[in-house]
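In what follows, structures are represented as structure tokens.
The following pair of complexes shares a single chain, chain A, combined with chain B in the former and chain C in the latter.
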Partner chain A sequence: MKKINREKIIPILFILPSIILVFIFVYGFIGWTGIVSLVNWRDIFPDFSFVGFKNYKELFQDYRFQVSFKNTLIFTALFLISCIIIGLLLAILIDRKIRGENIFRNIYLFPMAISFVVTGVVWRWLLNPGPSLLDPIGINMILDKIGLSFLKSGWYTDPKIGIKAVVIAAFWQMSGYVMAMYLAGIRGIPTELFEAAQVDGANTLEVYRFIILPLLRPITLGAVIILGHISLKIFDLVFAMTGSGIGFSCDVPALYMYDKTFRGNFFSQGASIAMILLISVAILIIPYLRYSLKAEVKR
Partner chain B sequence: MRSKILLILSLIFLLTIFTSFSQLKGKIEIFSWWTAGGEAEGLQALFDIFHKKYPDVEIINATVAGGAGAQAKAVLKTRMLGGDPPDTFQVHAGHELIDTWVKTGFMEPITFLYKEEGWTKVMPKGILDIVSYRGQYWSVPVNIHRANVLWYNKKIFEDNKLTPPKTFDEFFKVADALKAKGITPLALGTKDGWEAAHVFETVLIGKLGADGYKGLWTGKTKWSDSKVTDALETFKKMLTYVNPDHSARTWDEACALIVEGKAAMNIMGDWAVGYFYAKGFKDFGWTLAPGNAGIFDALSDSFGLPKGAKNRDNVIAFLKVLGSKEGQEAFNIKKGSIPARTDVDKGKFPEYQKSAMDDWLKHAIVPSVMHGAAASEGWVTEFKDVISLFIARPDVKTTQQALVNIAVRQGVKQ
Partner chain C sequence: MKLSRIILYLILIFFSIFYLTPVYVLLCTSMKSFAEVNLKGMWNFPKKISFESFIQAWRGNPSRGLRGLSQNFMNSIYLVIPATIISAFLGSMNGYVLTKWRFKGDNIIFPLLLFGMFIPYQSILIPLVQVLQKTKLYGSILGLIFVHSVYGIPITTLIFRNYYATIPSELVEAAKIDGAGFAGIYQKIIFPISMPGFAVTMIWQFTSIWNDFLFGLVVAPNPAVQPVTVALNNLAGSYFVEWNIQMAGALITALPPLLIYIFLGRFFMRGLLAGSLSGV
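So, the complex of A and B:
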């Protein structure tokens, strides 16, 4: 009797410190942020008088918040689509048993090793249209030189493009990562399946369409979750690359939260932006967690 | 156990007695956002003076990089709220100091230092006003910067036989002439969000005059005033003369356009002079922003004494160095700003600073809003956002209404 107890208790004891720390420093602070978002703290000095959902209401009426929220949705959608398409394409190409596979794989994967801040600064200059239309710099200059002048644009300095230009930098950085995920997935498909398909008379296109793509579905889901939570809470890339842009065309909620909290001292409103971000990430993540939990139970 | 505690207590007791009798010892942590070129050298010059006087005090230089201190302020706020204040920290004199830190009870008054050192006699009223609250002084201003300066490339102006503009009419005439020649008339960088509002601040001063502008922040001037409309219309027109890639540039990258000869003018504070020196660029000239004749749009960096500073005596010693003639001279020559004291040796300073020092005594002093002197940080942030939006959607009527709304939210009757 005593022995069984000890066997049960010791693992719990080992895990206890981290559970306590996680509860305090993750869930505790989430709870604290939630409380702060419901009070009237709009100065450096805390004011804990309860105001309900006033901060949230004000936010949703705020033009800058509306724009920045819309921007994140656009950013997330474009970022996910472009990363997955490009990542899949690269993975398929590399899987064709080309010479120098290692070199290419490393080249594609390398941008991921760079921090978003570095990417942001580099792309800020690459996508800078230059001081006047007559002397372009960066990408615009290259387009001029190779005779594709009609493709020139103001990139992120054009309020109509804004955040969409930031997507270019973002997928440059992350599509290599998606490629690595897909490549592992493709390599994990048993060769018998290909052989069987070929015996059945399927051509290469059909092999991809009916065998590889369906089998890669769980990887796509994983990629959506990982990229989705990065892009919903993105801050560093936008901060380094564009700031909030002309008329907030590049603004995202995380940037607004930083401005509100640390420049304007509107701590409660900052906290409510944080809660909205948390909820939007949760909407994405929770179904996935439930799905993977169920899968584990089955196993 | 008990004996150990007793030992420690008696040691602490001995130490405090010891330090009060002898020279200062221990550490001092000085928090600022001075990390680049001239400003870091200026800070080092101060440290050198302090170190010579108090060789036993170890200086901890706690800096956080980032223009206008945006990042440093975030770090400072978390430290102050977390009960871990640095011994002394850089803060813009004016509302940023008073509203953020003094009214909320984070600072200790240092009026006694002003009396001991006689600073009230050597600093002008304009600056003493913005470091005081309820009859007490709360920080030591170490420098004065001027925000309303128009910088220009001398060569471009000579080549095109133009004279630097003094009024808005002249500005637009010069700008048209430059535009016809294919030169960008006004360099602007809006990447960090505050630069456009900085230019608009000088337009407000130009249209409303010193008293009218000051009244905006106290309620004496209404934001719905027709002169504010005029300022917005003028600013809108000015924006048609700027470089199209302004949202890709920071303030210094806008100055680079002047250095490269691609743009002719730039409205920026006089920290630009430090940038020009650092680039080895001598062909710049300066005048005041259009319509700003006789007005000095000032901001000031200052250091105070936070409550609960761990090395209070060292801080007081450091503040004395900051306010001393020697300290102010050493710092400002390097930094490119002018001393808050008016009794320093002008001969030691470069050309631009000499002219600014003359103006400092003659001109009407108004506090800068974008740099924390005129309004609380909350107001400044919202003001900045409204102007930032105005660049993309130059709709005068809604923008003016938005400015009125902010003032109302800040408790200023309209």
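So, the complex of A and C:
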């Protein structure tokens, strides 16, 4: 009897430190941030007088928060659409038994290994319009050279474009990841399916339209969730590439949270931004976690 | 060759150019001499290869108040190696328990652990700074090692759990019947066949801890302790630092993960796909 008990307890003792650490540093801290968001802590000295949802109400009326929230939605939409379309296209093309597959794949994927800060520093120079559109540097200069001058713009320095220019850098870094996910998906489809379809007289386009694309739906879902949560909490890239930009045209909530909290010492307001960020990510992630784990049990 | 094949290759080549353009500018600019660097000529190939920019970016230039990246690069090394090893071992242990020594409630614990890898870290930064200040870990490399080890637990547990799930449980059951215990089975059976799991996990952790910016920024305000990504951002953010030094600094910062990608890309890929949960 004693032996059985010991056998059950030892493994739990080994996993316990991790469980305790995660419960304190993830869930405990989230709870603490939640509390901070409900009090009146507005300078370096903590003030824990309860104010309810006052910080949240102020936040929703705050111009910079409204702009940064809207920016995140625009950023997420453009980033997701561009990465998924191009990622899928590249995966399909690479799968067409091409020469130098490895080389192409590695070229598309290597940006994934690099820090967002490096990406930000490099793209800040590439998308720098220079002194004026007539005296261009960076990408604008190339556009002039290849006869696409009409595409020239102020990029992130133009408040009308702002965050959309950051999407280019984010796309550069992450689209290869989507390509890799789709490629793994396509390669996982049993070849008998293609052969059967071809015997039935389906042409290549039909095979993609009716067999491959429907089978890739779970991958699209995965890509939407993974890229979506990365883009909702995007921070490093914007911080390094543009900062909050002219008229907050490049601002995102994660950056605003940092500014409020660690530059401005408005801890309670920073905490309320953090909680909103967390909730928006949780809405995306929790259903997906449940779905993934359920799918796993079925298998 | 058929026209459609030619178009196919043209598209692939077009995108290759897109992905390689920043690398071209990085390499060209950082290898130009100071005399040759100007923004108008940013797309030109260097006439003479020079490593001046790298030397300045690495060593700095005290007379101009320019901090080099050398110290911060080493900080990153000192912080990444222990944090990677610690989080990999924690992950291995957790994965072993979750697959081979299942207990009541483990199917609730696992998703709760997993959620930790998706949270925006902003939602834990305020208490984190408070706790680190109280424990004197704030502003130290030790503090950063601790933080990365803790927040690495979810992903390392996930990768090892997936890996150990492919190892037949009969092996473990047979050993149990032979009287082997928890530690004995880990040491004799699980650990010796864990190397692929360790490779994937450690490469993943090395890359993501090296590339981290937020924790470095918030937990290490002192420039002498900052990891290289934060130092690069400072270098690139000061207006008096020449463009070629910034590019050389960016290349120095990107180099370790790039080398890993080039030589161990296979394992890096697996970490990536595990992170998307597509392999759960």
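Keep in mind that, in the parts below, the second predicted complex is superposed on the first by the 293 of 299 C-alpha atoms of A that agree within 3 Å, B and C clash if a C-alpha of one lies under 4 Å from a C-alpha of the other, contacts with A are read in each partner's own complex, and residues count from 1 in each chain.
The rule is simple: a residue touches a chain if its C-beta (ideal position, glycine included) is under 8 Å from a C-beta of that chain, and two chains touch if they have at least 3 such contacts.
Remember, it's a predicted structure, so these values are computed and weren't measured experimentally.
Trainee: Could you look at A:Arg64 and tell me whether it touches chain B, chain C, both or neither (first, second, both, neither)?
Mentor: first
Trainee: Kindly classify A:Val166 by the partners it touches after superposition: chain B alone (first), chain C alone (second), both, or neither?
Mentor: neither
Trainee: If you tally the residues of chain A touched by each partner, is the higher count for chain B or for chain C?
Mentor: The partner with more contacted residues on chain A is C.
Trainee: With both complexes superposed on chain A, which partner does A:Ile12 reach: first (chain B), second (chain C), both or neither?
Mentor: Touch partner of A:Ile12: chain C, not chain B.
Trainee: Is A:Phe45 touching the first partner chain B, the second partner chain C, both, or neither of them?
Mentor: It touches chain B, and chain C stays clear.
Trainee: Considering only the touch criterion stated at the top, classify A:Ile285 as touching first (chain B), second (chain C), both, or neither.
Mentor: Second partner only.
Trainee: Have a look at where A:Gly130 lands relative to chain B and chain C in the superposition and call it first, second, both or neither.
Mentor: A:Gly130 sits against chain B and chain C alike.
Trainee: Thinking of the overlay built on chain A, is A:Ser244 touched by chain B (first), by chain C (second), by both, or by neither?
Mentor: First partner only.
Trainee: Which partner does A:Phe262 contact after superposing on A: first (chain B), second (chain C), both, neither?
Mentor: Once the two structures are laid over each other on A, A:Phe262 reaches both partners.
Trainee: Please write out, lowest number first, the residues of chain A touched by both chain B and chain C across the two complexes.
Mentor: After superposing on chain A, chain A residues 124, 130, 258, 261-262 contact both chain B and chain C.
Trainee: Taking the complex as given, what residues does chain C use to touch chain A?
Mentor: 8-9, 11-12, 15-16, 18-22, 25-26, 39-40, 42-43, 90, 93-94, 96-98, 101, 103, 107, 109-116, 118-128, 150-151, 153-154, 157, 181-183, 207, 210-211, 213-214, 217-218, 229-230, 232-233, 236, 243, 246-247, 249-250, 253-254, 257-258, 260-262, 265, 268-269, 272-273, 275-278, 280
Trainee: Touching chain A in the complex: which residues of chain B?
Mentor: Against chain A, chain B makes touches at 70, 73-74, 77, 80-81, 99-101, 104-106, 182, 184, 190-193, 243-248, 257, 262-263, 376-378, 380-382, 385, 388-389, 391-393.
Trainee: Quick check on the complex: what are the chain A residues that touch chain B?
Mentor: Touch list, chain A to chain B: 42-46, 63-64, 124, 127-135, 154, 156-157, 159, 242-249, 258-266.
Trainee: Would you pull the chain A residues touching chain C in the complex into a rising list?
Mentor: Against chain C, the touching part of chain A is residues 7-8, 10-12, 14-15, 17-19, 21-23, 25-30, 32-33, 36, 86, 89-90, 93-94, 96, 98, 104, 106-126, 130, 137-138, 141-142, 172, 176-177, 180-181, 184-185, 218-219, 222-223, 226, 229, 232-233, 235-236, 239-240, 254, 257-258, 261-262, 267, 270-271, 273-275, 277-278, 281-282, 285-286, 288-290, 292-293, 295-296.
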